[in-house]
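Presented sequentially are two complexes of subunit A, the first with subunit B as partner and the second with subunit C.
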Partner chain A sequence: MKITRRGFLKAAGGAGLAVAAGTLRWPHRVAAGPSTTLRLLGHSAFNEDSDKAIAKIGNDFAAQHSAAFAGDFIDQPEVAAKLTAEEQARSGHDIIDLQDNLPTIHKDYLVPLDDVVADISKQFGNFYQVAKDSGYVDGHWLALPWIGNGTLGVYRADYFGQVGEQPPATWDDLLRAAGKLKKAGHPVGLPISQCEDANSILFPLLWSFGASVADAKAKLTLDSPQTRAALSYVRKLFSQMDATVLSWDDSGNNKHMLSGRGSYTINAPSIYLRAHREKMPFAPSVRHTLAPSGPKGRFFYADIHGWGVFKFSPNIDLAKQFLRSMFTEASQKTALTLGSGYDMPVLPHFDQNPPYAPDPNLRLLVGFMRNAHLVAYPAPPSALAEKAYQTYVIPNMFAKAVQGASDKDAIASAVTALTDIGYMK
Partner chain B sequence: MVRSSRRRVAIAYLTAAPFVIFAVFPFIWMLVASLKQDVELYDLAQNPFLVRAGITWEHYHFLFTHTAFPLWLRNSTVVAATTTVVSVVLAVLAAYALARLRFPLAEATTTFVFIVYLVPTTLLFLPLARLMALFHLSNTLWSLIVTYPAFMVPFATWMLTAYFTTIPRDVEESALVDGCTRAGALRHVVLPLARPGIITAALFGFTLAYSEFIYSLTFISTTDLKTVTTGVVVDLIRGDFFYWGSLMGGALVASLPVVVLFSLFLDHYVAGLTAGAVRG
Partner chain C sequence: MSSREEILHQRTTAYGVRLRPETVTAWSFLLPTLLLLLVLAVYPLGYAFFLSMTDAQVSGPAHFVGLQNFVRLLRTAIFTLTLSNTIWYTLGAVAAKLVLGLVLALVLAQRAPGMRWIRGAVLIPWVVPTSLAMLAWTWMFDSTYSVINWVLMHLGAIAEPIAWLGTPRLARLAVVLVNVWSGLPFFGINFLAGLVTIPQELYEAGTVDGAGPIVRFRHITLPLLRPVLATVLLFSVVMTSSDFATVFVLTKGGPQNTTQILATLAFKLGLATGDLGNAAAISLYLFPILAISTYVQVRLMRRVWQW
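Presenting the complex of A and B:
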């Protein structure tokens, strides 16, 4: 049977009308359901089960309060646009995911949660300092810290063994091993590009050399001999890595390791967990170690995710009750079990013996938050620090340096970017 | 004669080949990546254009059974089709008025319509988000159907205004002299002649609506109501893990409706573009 264009259009048009009629219900019908719906916006974690944990806690809570729970999880980079739109609309989710410095940026739209935090702290003790750095703004808790994501050195034990090296404890160890591993065809790989992973690696590297973007009073301190030492080190390390690290996105170091070629990177436990879940042939050789230490010690960066409640939410009291329910023994057990070590507790109370602790490769994460910092360190969290993070000032500085710029030029370009953001010299 | 003809054909194909390769490359890439097993996808030593370890359908299976991809596809098609119909109807009326009717500031209005199209959606989504909340349309497909014409109508109007001016006034005036009303002349004379232009505007409009991202991201939260552009990106990129196979498969399948539409109306589309190109 010959299908004519007219015939096709008639059939497609008819089917389309039928589908459209079923799809385009009026808004009041879409909104039909329980009288109160608690709506939460979260970031979609690498670990899908992390979202399921929140949904389970939410649904259990809703069932006990004759309400409905709607958890929407979106890719982290898209969260900022969503929050901004909802703030302009004065409408949207009741509870929102606020990462790191975001509470300071959105503070005008957030309900203080001092009473919620007081209740939780009374029962379980105080939050880790890094969690407080994120959620406590201008004398109030504007975000309830929920979980933290940390980074570890991820290495291939077989490749390191082949070149006679131990997992690197210091940056110098890594540099020495990197040369051998490159010759063996299994280079180390750290992103020096515009991605979150680059921030999470290069900020602690700076700190470990005694350098920082700003001091405790938020005054610029980047132009320093310590920063020059860090630049010099990364130039040497870059010469032992693939040049592609300059173009990696957040999946770059995952691919580097999961391809079976890479020997080392620094990342959240997603590579380790993925290799084991997919039963990749080399999974038993993928191991964790602490990120290297530098001349001034070992420093950790952590992503802190907390919950804020919008002032325009029609369900503020219910939202606060829900947040309290997220900090029970049962809720935390659900979150940390399904979180598989990707999500770590922000309360020391739940960090004694988390469900993932029996795994020696994840046990390293126990107590990680005790020494972790946000990117603003040693300055207090601020919108400026968030802008520096979001515009990849530090990765850009290192990228310039490894591509031939002098220390002076690389640092000057970063300082210019930071002063443009609003940092004071 | 025959040799000369063959040479012409060969030259034509050789000339077209780079453009065809350029146009088809993304689709080939998406197809190959979507059929590879994860192990091969991650193996940097493998040829990216070949499937060496055997074809797998697991990425498509994941896409259709573990995500709301069919719903995203349906939502995108419904929203794009509806907004295209609405926008083209409005644009035809506006473009006809701008091209044919004499009224003060007609040219300035035409320019203004074009400038409106140039306002980036990244600026518009904030006030529009407020409007959607006021109308209680947030998190519904209606929020997209109401807002998409904001950028589709100016674009289609600008395109159709140029097309209408290529249609000789004489034909239309003959109809008016013969007793046809202005609306009748538009309906029975101008629109049939303008069909390639209208179809071209509709195709471009559909593509614009179908590929729109920022409104869809900010106005829609519920997974089942997402459009394919946001659903695929937001749900298949999780932290630092990208579901590459399913992402490529999703992008490939999502492009099919647009490909089908362009294939169906290719002759009209070419006619519409060339008519605009030779406007005197």
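Presenting the complex of A and C:
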């Protein structure tokens, strides 16, 4: 049959009009059945097996429910941006990764998961408080806590041995060792830059000196003698580190240690795991210890990741079923085994026998969540805390101080930044 | 029998509108483009204007606040720093690209063996995907594995690595350098296109009259290149002031927000923390200035600089 140009245009135009008028319909997603795809948005973990664990649990669930599973894993800092974009479009993933303050920020778009959490808690007990701080918003569970990432002191036992030092238990121990290690050509390194690792190290450092950004009512408390003491300490420590710590991104301290130059940093277990996985010659010397304690004790920051379900998802019931399936003994074993200690349980029940516990370097993480806090601590999670985190107010305060600003100026600039964000004095 | 035009005229006059077939054809050709512009440019811009005049957060109701966001932002330290960064970044990068682009075009205009290949190769930085190029630059400025530091340390020029992206001055220099590197080919090739349209007779006449290379450049090349210069400048000011990838990949606005520019701050506040009203205001801050300068430049190009 000969198709003329005019005929083709008429047919195409007619079809377009018919679709627009609703006479014809595009094939669309159905609520259940083989054509249903459950779409999950997660962060791409430094430990790549963490993503594989979620994909495995997802694919197993999909196979049992005649559905398909599609997991998208993107860089952590871009997850929040993706959520906002999808909310504006009212379209996107069904299940989404919500870190720390995000359930509070995105609460209008999230399906309450009280029934899911009740079922899980009935079987396995209550979640850790830090996990509840993140997921429980305005009287409802808007995110189902999934895992927590914590930080440990990562050190080279051989370098510490060479300078006659033990792994540091306190910040003063670290400072004493740092001078010797710098002379030996293996400086310690903590990021003082605009990256997440800097936030996750410098907030607990502040807390351990008795300082905090705000009190429990979110009123500013940063301008304090305790903050000055923390600034003074970091100035001294910085003088024993490479100046490049001011430019590090989240991979900076990993590279510092894995290049063989660095002797100590604070990080998630990714450095230890990679050194061992790739059988690096110095892997046996890479060890973990708890992060140092300060005058007011030892504090931990935990990065809590939970799962939320969008209200505009066409698969809300299926998504809830999937979330329940993530909290079975088998699913948790998969997640914690592949998570290799990088991912820690948010339910004390699964701390009883974590698969990574036989490794003494990872065993330190057992029960980590019990004493961990979110960055908003001691205030509850909020959009303000997220803005302070995202605009790196605290790392920038320390960066100013180590580059010559007085305590007064460094704190004043941070207080200005915090009040600009919306904190009340 | 009536002609086709007469019939159409009779039909349309009943509605008081005269539709000539040429008009219908012209609009039918224009319509797809207009629809695309409406959906992809006018609607997002209009929505951004709307958001900028509200206190919209990603969750919760939005209230109309007029120009309050624009006024309040000027009182915040991070915004004033960002605005000043954006202006200096744009001025520095565009000025460097302008001067170097002109030099590049003059070199590429020469007849030499292999010049066609060289002209093609010059375009590479411009056609390489921005994020990939930025990652390569990130590696070159990396604190641990920087090739620049490696060379300098092996030459004995430095004792310990330089924090290229860790000190305000070096980081600002780095982001401008990378922007110039990626944008220079656009300037060079456009200037080259302008150069080859200048009639050779003018240069020959100038030479006969005793004009040297500098006089010929000043009195023949520059005046006749002005329309191209203006167009390229216009595009570059708009593109550089709204640049995102260079800063986002290279420094994320650090250190201490000294390389933060409007696009990256708007991204941080709007998309990452859900402060949609302020983020829209930030991203629209330069809009009036750019719109007026574009209008003036286009008028000048049409009225004064035509030749």
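One rule holds for everything that comes next: the second predicted complex is superposed on the first by the 391 of 425 C-alpha atoms of A that agree within 3 Å, B and C clash if a C-alpha of one lies under 4 Å from a C-alpha of the other, contacts with A are read in each partner's own complex, and residues count from 1 in each chain.
Quick note on the criterion: contacts are C-beta pairs under 8 Å (C-beta built on N, C-alpha and C of every residue); 3 or more make two chains touch, one makes a residue touch a chain.
Please read all numbers here as calculations on a predicted model, not as lab measurements.
*Asks:* If we overlay the two complexes on their shared chain A, which of subunit B and subunit C does A:S413 touch? Say first, second, both or neither.
*Replies:* In the superposition, A:S413 contacts subunit C only.
*Asks:* Quick one: is A:D197 in contact with subunit B, with subunit C, with both, or with neither? Answer first, second, both or neither.
*Replies:* Only subunit B is touched by A:D197; subunit C is not.
*Asks:* Using the superposition on chain A described above, determine whether A:R261 touches subunit B (first), subunit C (second), both, or neither.
*Replies:* In the superposition, A:R261 contacts both subunit B and subunit C.
*Asks:* Based on the superposed arrangement, let me know which partner A:G92 touches: subunit B (first), subunit C (second), both, or neither?
*Replies:* First partner only.
*Asks:* As a test of reading the superposition: which chain, subunit B or subunit C, is in touch with more residues of subunit A?
*Replies:* Looking at subunit A, the partner in contact with more of its residues is B.
*Asks:* A:S239 in the overlay: touching subunit B, subunit C, both, or neither? Say first, second, both or neither.
*Replies:* In the superposition, A:S239 touches no partner, neither subunit B nor subunit C.
*Asks:* Based on the superposed arrangement, let me know which partner A:Q352 touches: subunit B (first), subunit C (second), both, or neither?
*Replies:* neither
*Asks:* By the touch definition at the top of the document, which applies to A:T391: first (subunit B), second (subunit C), both, or neither?
*Replies:* After superposition on chain A, A:T391 lies in contact with subunit C alone.
*Asks:* State whether A:N126 touches subunit B only (first), subunit C only (second), both chains, or neither.
*Replies:* After superposition on chain A, A:N126 lies in contact with neither partner.
*Asks:* Contact-wise, after the overlay, does A:A81 reach subunit B, subunit C, both or neither (first, second, both, neither)?
*Replies:* A:A81: touches subunit B and subunit C.
*Asks:* If I apply the document's touch criterion, which positions on subunit A are contacted by subunit B in one structure and by subunit C in the other?
*Replies:* Of subunit A, residues 81, 84-85, 255, 259, 261 contact subunit B in one complex and subunit C in the other.
*Asks:* Taking the touch rule as given, give the residues of subunit B at its contact with subunit A in the complex, in rising order.
*Replies:* Residues 38-39, 42-45, 74-75, 77-78, 81-82, 125-127, 129-130, 132-133, 136-142, 145, 214, 217-219, 221-223, 233-235, 237-242, 264 of subunit B touch subunit A in their complex.
*Asks:* Which of the residues in subunit A end up touching subunit C in this complex?
*Replies:* Per the stated touch rule, the residues are 77, 80-81, 84-85, 87, 105-109, 193-195, 242-249, 252, 255-256, 259, 261, 383, 386-387, 390-392, 396, 399-400, 403, 413, 416-417, 420.
*Asks:* If you look only at subunit C, which of its residues touch subunit A in the complex?
*Replies:* Answer in residue numbers: 57-60, 75-79, 141-145, 160-167, 171, 251-257, 267-276.
*Asks:* Any idea which subunit A residues touch subunit B in the complex?
*Replies:* Residues in contact with subunit B: 5, 8-9, 16, 19-20, 23-24, 26-28, 30-31, 39, 41, 43-48, 70, 72, 74-76, 78, 81-82, 84-86, 88-93, 196-197, 250-251, 253-255, 258-261, 267-268, 270, 274, 278, 280.
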